[in-house]
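Next up, some structures in structure tokens.
Both complexes shown next keep chain A, but they swap its partner, so chain B is in the first and chain C is in the second.
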Partner chain A sequence: MTRTLPIPTLLTRTLLTRTLYAEWTKLRTLPGSGWSFAGVVAVTVALSIAFTASVDAAHCPAPQGCHEDTTKLTLSGTWLGQAAVVVLAALVITNEHATRMIQTTLAATPRRAVVLFAKAVVVAGVVMAAAVLGVAGSLLTGRFFLEGNGFTAANGHPPLSLGSEPTLRAAFGTVLYLVLVGLLSLGAGALLRDTAGTITAVLTLFYIAPVAVQFVGDPHWRERLEKAAPSAGMAVQATRNLDRLPIGPWAGLGVLAAYAACALLAGGAAFIRRDP
Partner chain B sequence: MTTTTTRFQSSVSGVRDDGAFVSTGRLVRAEWTKFRSVRRWILGVLAMAVLTVGMGLFIASGSGTDANTRPEEVTVGPGGARVHDVFQFTHRPLQGDGGITARVTSLKSADGREMAGWAKAGVIIKAGTKPGSTYAAVMVTPGHGVRLQSDFTNDVAGKSRAIPGWLRLVRAGTSVTGYESADGRTWRKVGTVTLPELPQRAEIGLFATSPGVFKVQREFGSTSVGQSTSVVAATFDGVDVQSRQQAASWNNTVVSPSRAGGDEFQGNDFQGTQSAGTFTLRGQGDIAPRPDGDDPVRLPFTGVMIGMIAAIALGVLFITAEYKRGMIRTSFAASPRRGRVLAAKAIVISAVTFATGLVATVILFFASQPVLRSGGFAPPAFPEPSLTEPRIMRAVVGTALFLALVAVFSLGVGTILRRSAGAIAGIITLLVLPTIIASALPISAATWMMRLTPAAGLSIQQTSRHYPQVESVCVPEDGCYYSEPWAGIGVLVAYTAVALGLAYWLLRRRDA
Partner chain C sequence: MNATIEVRGLRKRYGSTVAVDGLSFTVEPGQVTGFVGPNGAGKSSTMRMIMGMDRPDEGSALIGGRPYRTLRSPLCQVGALLDASAVHPGRRARDHLLWMAHSNGLPVRRVDEVIDLVGLRPVARRAAGGFSLGMRQRLGIAAALIGDPAVLMFDEPVNGLDPEGITWIRGLLRSLAAEGRAVLVSSHLMSELEGSADHLVVIGRGRVVADTSVQELLTAASSGRVMLRTGRRQEAMTVLANAGASVAANGPDTLTVSGLAAERIVALLNEGGVSFSGIAEHRASLEEAYMELTRDAVDFRGATGAAGGPGSADADGTAAGGAGGSASSSASAGREQR
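Here is the complex of A and B:
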């Protein structure tokens, strides 16, 4: 009883604050949310450790001649972490459709745009928190493993530090990348309503380009694919040889942002017009 | 009442005392009815086929090669396969039966660089000096001892690993026998080969050649594989040609499809000199099959990487949808033997995905051929593949089998987790991610990852032939799979078996 808000307080709150509070409560209390949140952090850090522990400066022609992009290497766990983000964000909306909770939600807040906006804010916040933990964990463990594998300052690989501008951009960009992945997944969920369909479609979208790139021999097609697919956002992690990237770091993230915006707009339009 | 009971009993075949036994055949029919009556599952299996074919054609159209414009790439051996045939040849004609004996006194690097394990020097009988013509040779190699090789693909190991060593080749009709000896007195037979295309008048003599040495540099996201040329020098003495004709003079020829000064060699890479019974040959190149660097048959089938995502969703949903709707309780009430329900589901989902997958791969095979040809994958460098060849058949049927196994594996994982979200995301990641990140890992780590994850099953698609007598480098970007075709699919079978086993055990223990 102590946790129940007095009614006057509830009424004085604006519609948006109330909806945000409601969405946060729903997400917080779902049993799957905690698992997804822990999953994002754990798989990101785990895959990053697998990478940094297996790459050794001994694989390079000479320790000084190693052009390894250690920051990008350390943040590689994002490839796996994004799958957990897709699940977390999709469930925020598709689970409500599955359990018919959506009818209660819309009865309480008939302004559907506000509901979807509140969901987007909550998803962005939660994913951002998980991504910050995942990125920080990856960088800390990466620093430890890389130095042990011969990537030392003497060999031209100073320890990873957020003090260096490219690394800071890569770390910050990775957090933004995961947030955008979450928003894209939420938009797709609003559009498709079904959990399995949403997760399958969004993961296909993210993995189709990196897979096809492996097998497409023509360099023009390869570059076009790398530029136009949502995974172009991963370019934000590069800190070396930026001129050789198919797309610039921020431009790549912009491509992903455009995909996320389209998904949210399409999902939002469907969510507002359709019967729940 | 009586009639109803009779009808009930007759329609359930094999009913037991407890009345709870439903035949597997009926269960399979029930599961098939469930599958075909849900529209999105039919759409899903169609999406699997369409995505596989569409992605495959896209990959085929984005691939090309200029191999047919390079003369050294289009030398074709007696079997029709592409071969390497570049070496220094010191020879004289041989009419009818006869033979040659010689001692290789040394085989060394002539350019100061590292020598390849498959550098070779020895005695050879060949139809002529035309590259790709039939031959048999017995030779010494630095890394693999004495070998008897013929017509590029045959390779028989001898006993001796020592240099200097004696070698002998004897021709009788179309059969050629190779011998080795440590002292030139006691001879050991290495083997006999038959060369149906060997003409009456052939060229017999000495040869030396060496393939390049591979250098692999691998950095995050990119691999460079370089093959540096390696020139060897071999010295021979005790050269004796057994022939019924009188001795002819020796000729020196550089056997090569390209002119001297072409890409493949420089002027002083080849040399043949003779003084006081000692022959010195210097050469580079190789006499060996040319492994297919590109595997144009496999290329379009990699579209299955995207098509399989639909198979994953189908396999998972085939069981999790029943949990979501509570239908599973009806299913188990109708057939309390839960293992049989799972088996029936596995049979239905594998049959549907295999049949649809096979239609898709056969269509893809035929549809991709003109696309690949226009990209340069045409004869003579790339002989036209035929569906009846075992290796092509294996790729076409194996890809459908891969889809079916992925669907059953997904059914198993879906049964274990009972939730579609985690199961679908987990399996997609497990199957797709290794291929994406393999290129970023060092080769040893990538090799083990590609061998041990279910993605190993994709190795069933490889159709390029590998030869032990040719060194090759396996990098994932070149579409090289790390497992033998059947071993790779075996890994996926093992994953599927474990998932189904665990699912069966959990089904029996858990509440529905």
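Here is the complex of A and C:
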């Protein structure tokens, strides 16, 4: 081998684009990533089908008296789809700690902040793509099943359409919701490093915390906690009776965004300070 | 870029254990520098600090005058094999090199070049998790070479390699240094570096025990001893001792002579009419030299047994007369080559 320096490196690319490209390649070349991606879409759509196929306008006192929030119901698959997002996003960083790959990553890109930022961008992009497919699939199948179950325009339930402003907001908001769940999970992964620990912690936050809040006796405090939990972000899916929600749709999403930001900041600080 | 590694006053403790205790040395380009010390001496910790993975408590480690963390395309400046298992087991070997290439803006062509260089072509599309330790070492070496760096670091690179692999890596180290690169290779066994290292940095308990060229070390350890083979041991001892040499018998017909040059010994024996069948300047092995060196360092006591080399036998002039066939006195004053 003769030395042929300099290799014509693509130095015109900035550090960030190179790191993004590397992180994307890493995610793309792991066999599990495709399954996680498909999992987010499949679980979201499947649960939506289960919900929309099981409601029937005939169970209402009168067809016109059905106050079902069909948009919210259709997007309810998110409730389970988020678990797949948590796993996918956490693994992006905890997997590297588990296999010590993180050492190779930091040898290639010693700037830790850039590494974590690139991971966040890749996670956001991939989750967004999966969420768009999941939401679109849910809306299409929901439309089909709801109409078959008596939720017709004649009964005051026009077919689900992104032309309706609340439905559009709910669909768009659901995509953002899943992206924020992914970022929260990534931040927690950077902080905790351990795969099982991270997934347990984040799933507890999303599944156990809302249930635990229901056991709070004082209704005043219960509502406060409902507003402060990350699952408040689910409010973005509501299209009816908004005044009865503990928190508004965008405000709820804002609460989740604050959680994600805190997790990323704490995870980032730990990632930068600690030796791998 | 100036292809050097400069370690200055490096200190690092993990909890109550001092892993590296004020280490200073320089790795120069164009030669293989062996980094030797027993397990736990602080070799890996030092290499991790050079790579900017662990932060030193004190001191600095610079690559071409700059800390690793400030390098923008580090793979083009430093190639390192620190932990061959630091790959994702589910990712294919080629994909592992591919993301590394992307991370430093290297062309994809480099990926295939280094795959061929380390001979992993047939398994390039297999998951790294199924690799043997030797194959992983090769993958790690490919990763280290991907940016064609001027500085290279290998932590225990021959671990787990078969004899063919060991020969291959020795040749690779030599050729990398011959191309003008600075090569730092750690090992806990001095014998592994025999024939490949030009310079040695020996450490123990986080401190430098010796920083010397291999040539100097071997010369010092050999210390002008001459091995003599003769059937007339008693007479030879008398002649040589009278000339001021110190003579030790270490076999029925072999003597170790120190204090006289080989040429002078030949002359003395010929004058005295003492026949001998062989004479050679003793050349210490690297392992012996290492033992000699570390015998003084208390830290190493009990780590390994004494080397089974010559010079340990006491002078014993009263042994029974050698019955060996004393052939003609054909002196072969060449060096004993290992």
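We take it that the second predicted complex is superposed on the first by the 261 of 276 C-alpha atoms of A that agree within 3 Å, B and C clash if a C-alpha of one lies under 4 Å from a C-alpha of the other, contacts with A are read in each partner's own complex, and residues count from 1 in each chain.
In this section, a residue touches a chain if its C-beta (ideal position, glycine included) is under 8 Å from a C-beta of that chain, and two chains touch if they have at least 3 such contacts.
Since this is a predicted model, take the numbers as computed values, not measurements.
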Q) With both structures lined up on chain A, is it a clash or a fit for chain B and chain C? A) fit
Q: Look at A:32 in the shared chain and tell me whether it touches chain B only, chain C only, both, or neither; answer first, second, both or neither.
A: both
Q: Can you pull out the angle centred on chain A between the C-alpha centres of chain B and chain C, to the nearest 10°?
A: 110
Q) Is A:200 touching the first partner chain B, the second partner chain C, both, or neither of them? A) first
Q) If you stack the two complexes on chain A, which partner ends up touching A:91: first (chain B), second (chain C), both, or neither? A) first
Q: Name the contact category of A:226: first (chain B only), second (chain C only), both, or neither.
A: neither
Q: Applying the touch criterion given at the start, work out whether A:13 contacts chain B, chain C, both or neither, answering first, second, both or neither.
A: second
(Q) Just checking: does A:109 make contact with chain B only, chain C only, both, or neither of them? Give me first, second, both or neither. (A) second
Q) Of all C-alpha distances between chain B and chain C after superposition, which is the least, in Å? A) 11
Q. Both chain B and chain C contact which residues of chain A?
A. 32
Q.
Taking the touch rule as given, give the residues of chain B at its contact with chain A in the complex, in rising order.
A. 40, 55, 58-59, 62-65, 217-221, 294, 299, 302, 305-306, 309-310, 312-313, 316-317, 320, 324, 375, 419-422, 424-426, 428-429, 432-433, 435-437, 439-442, 445, 476-477, 479
Q | In the complex with chain C, residue positions of chain A that touch it | A | 1-11, 13, 15, 18-19, 21-23, 25-26, 29-32, 95-96, 99-111, 275-276
**Q.** Residues of chain A touching chain B in the complex
**A.** 32, 35, 47, 51, 54-56, 59-61, 66-69, 72-73, 76, 79-80, 83-84, 86-87, 90-91, 98, 195-197, 199-200, 203-204, 207-208, 210-212, 214-218, 221-222
**Q.** Residue ranges of chain C touching chain A (in the complex, touch as defined)
**A.** 48, 51-55, 68-76, 80, 82-83, 85-92, 95-96, 98-100, 102-107, 110, 117, 127, 143, 147-148, 150, 175, 179-181
